[in-house]
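Down below is the structure, laid out as structure tokens.
Chain nomenclature is as follows: A, B and C, assigned in order of appearance, with residue numbering initiated at 1 for each chain independently.
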Amino acid sequence: MENLVNIFIRSTFIDNMIFAYFLGMCSYLAVSKTVKTSLGLGVAVAFVLLVTVPVNYAINAYLLSPGALAWLFEGGAAVDLGYLSFIIFIAVVAAVVQLLEMIVEKYTPALYNQLGIFLPLIAVNCAIMGASLFMQERAYASLAEATSFALGSGAGWLLAIAGVAAIREKLAYSNIPAPLRGAGITFILTGLMAISFMSFLGISI
Amino acid sequence: MNKESNKYTFLFSVAMVFVVAILLTLVSTGLQPRQNENIENEKRQDILRSVKVNVSREASREAFDKYITRQFLVNSSGEEIPGDAFAVDPGKEIKKTPGERRLPVFIARVDGTTKYILPVRGTGLWGPLWGYISLNEDKNTIFGAVFDHKSETPGLGAEITRDDFRSRFDGKTIFEGETLVSVRVEKGGKAGGPHEVDAISGGTITSKGVEAMLKDNLTCYESFLKSLP
Amino acid sequence: MNILSSKSRQLLLGPFNKNNAILVQILGICSALAVTAKMEPALVMGVSVTAVTALSSVILSSLRDAIPTRVRIIVQLVVVSTLVIIIDQLLKAFAYDVSKQLSVFVGLIITNCIIMGRVEAFALANKPWPSLLDGAGNGVGYAFILLLVAFFRELLGSGTLFGVPVIPGALYRWGYANNGLMILPPMALILVGVIIWIHRARNKELIEQ
């Protein structure tokens, strides 16, 4: 249990997808202009993460990793399908996003209209794919750990995009040098926020 | 045929899956031996570095055969058991119950003396730590150490891979009389005793991880280390 | 230079200045920055992205009349991931050290917005040859930014370039020290911000309102 909390805290604050690995920057930069839409996108990303990472964990553990096929047939232990992981992970991500898009369109048309083209973009949101790849690379010991990691990463992403969106809303009233407006200042802002998030380094429970 | 028909879409997808699957399998099976060799050679390189033999990765296979005279597995009571020492993953073994552990030992002959090389595995601040410790013939004095890590902080914890940290272990002893005390990693430049080395400033948690790693792993080998050569 | 018509040259070289994929379209920064602490991984990353962008543009452009519209995105993803897997396998076999440094970021080329962006916006509507130039041009423009960021981070953070020390030892004796902050992630973001600033100050028409 303690371990799970640790993984959650760490993936939210320290290994923050945006501040430490810059993952999901594309949609992050495009959507983080107002808090409302960024919250919507953040929740969507967090939800997709929460579904895809455990699914990919199961696929990785029982189908792809070296010797994982041992349960399926005799001699399966010698098979290593690890090289297929990229393509399978991205397929799972694309399918889940498609599903989410249909659900959101049907039940919350207002949100669907606002997020517009960004929902399909989640499929190629690096944070989603990145989380699955990190899950594989860090070799989490159980489904629970992987889920805790997914939850933390999603929360961290939501936190980052909402925080930056709030600052950008206020920035509208600031006198920023013209060439720096928009993307430039957002990068610098994110950099400064990343520095402040570094103060979480070394925290463990 | 109509490009948007179900039949065409289906056939197109099936054809695509076939082409991609065959292509990837060919590439993967073709490159697998080379990839495995890279991983094995890196392991050989690390093992040799612990007895202060520095070779390039390409030359490591030859050098390994030259310096490493014997490799075998022992159990927790220090008795030799059958198995391939090189293929065993020490990280998995240390998680097993003591009775089931298969512990690799590599014996090297350097400058006419025998060295015992033991793998160590542990956890630092962020992720796994690993390395190799080589002991002199007395199975007590450390001859050399090599450490590596997955994701320690650059400039702080990551410094454990550097020579000036590794060399602090040279000549330290792991036994106090009959008791296995391992080597403590002390903060603040106070270390002076035969079982102490200085920690990395700013990398205390990683340094403590190294200390725990040595203690845990050497304890597994305690019976083997106490047995006569 | 008559090998390339002026239009082709525009396609290939356009991304270098006003159309630089990262600076203007702000695409694909995701996977880019985490590998820019050193020049070498940044170079390998840049070359890999260029190869994937160019090849996937050519392949999908040649197939553009055969791909059913409904499965378009999936076909794109499959082609791109296949290329990335091949690159990953090649790196693991022939450039083992770099592949370890790049770790998960090779896999993230798949989700690199530049690739899908160029395929959607250009390759699916154009012939293979212009698509190749467009893909390669964008990939190289991307690699250029990666190297630029990596240049400053490695020079100021480690005092080396491609692992070779370049700061004279005398400077260190006079009290110069490497700036460890440059190696840490936040500086990559701030550097890109500054680069965008300079770029837009010189190309005034790109300034956002």
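Simple rule for what comes next: contacts are C-beta pairs under 8 Å (C-beta built on N, C-alpha and C of every residue); 3 or more make two chains touch, one makes a residue touch a chain.
Predicted model only: the values in this text are computed from it and were never measured.
Listed by label, the chains touching chain A and chain B alike are C.
Chain pair with the larger contact count among B-C and A-C is A-C, by C-beta pairs in contact.
Chain centres were defined as the mean of their Cα atoms; on that basis the chain farthest from chain C turns out to be B. Inter-chain centre distance (chain A to chain B, centres taken as mean C-alpha positions): 32 Å. Mean C-alpha positions place chain B and chain C at a centre distance of 34 Å.
As a whole-number value, the distance joining the C-alpha centres of chain A and chain C reads 21 Å. Residues of chain A in contact with at least two other chains: 83-84, 87.
Under the contact definition stated at the top, the residues of chain C that touch 2 or more other chains are 74, 78, 82, 85, 89, 184.
Annotation for chain B: residues 20, 24, 27-28 touch two or more other chains.
Of all the residues in chain B, the ones that touch chain C in their complex are 3-4, 8-9, 12-13, 16, 20, 23-24, 27-28, 31, 34-35, 38-39, 42, 57, 154-155.
Residues 19-26, 29-30, 83-87, 89-91, 94, 120, 123-130, 133-134, 136-137, 177-192, 194-195, 198 of chain A touch chain C in their complex. Listing the residues of chain C that touch chain A in their complex gives 26-34, 73-74, 77-78, 81-82, 84-85, 88-89, 103-104, 107-108, 110-113, 116, 184-190, 192-194, 196-201, 204, 207-209. Residues 83-84, 87, 138, 201-202 of chain A are the ones that touch chain B when the two sit in their complex. Residues 20, 24, 27-28, 125, 127, 153, 205 of chain B touch chain A in their complex.
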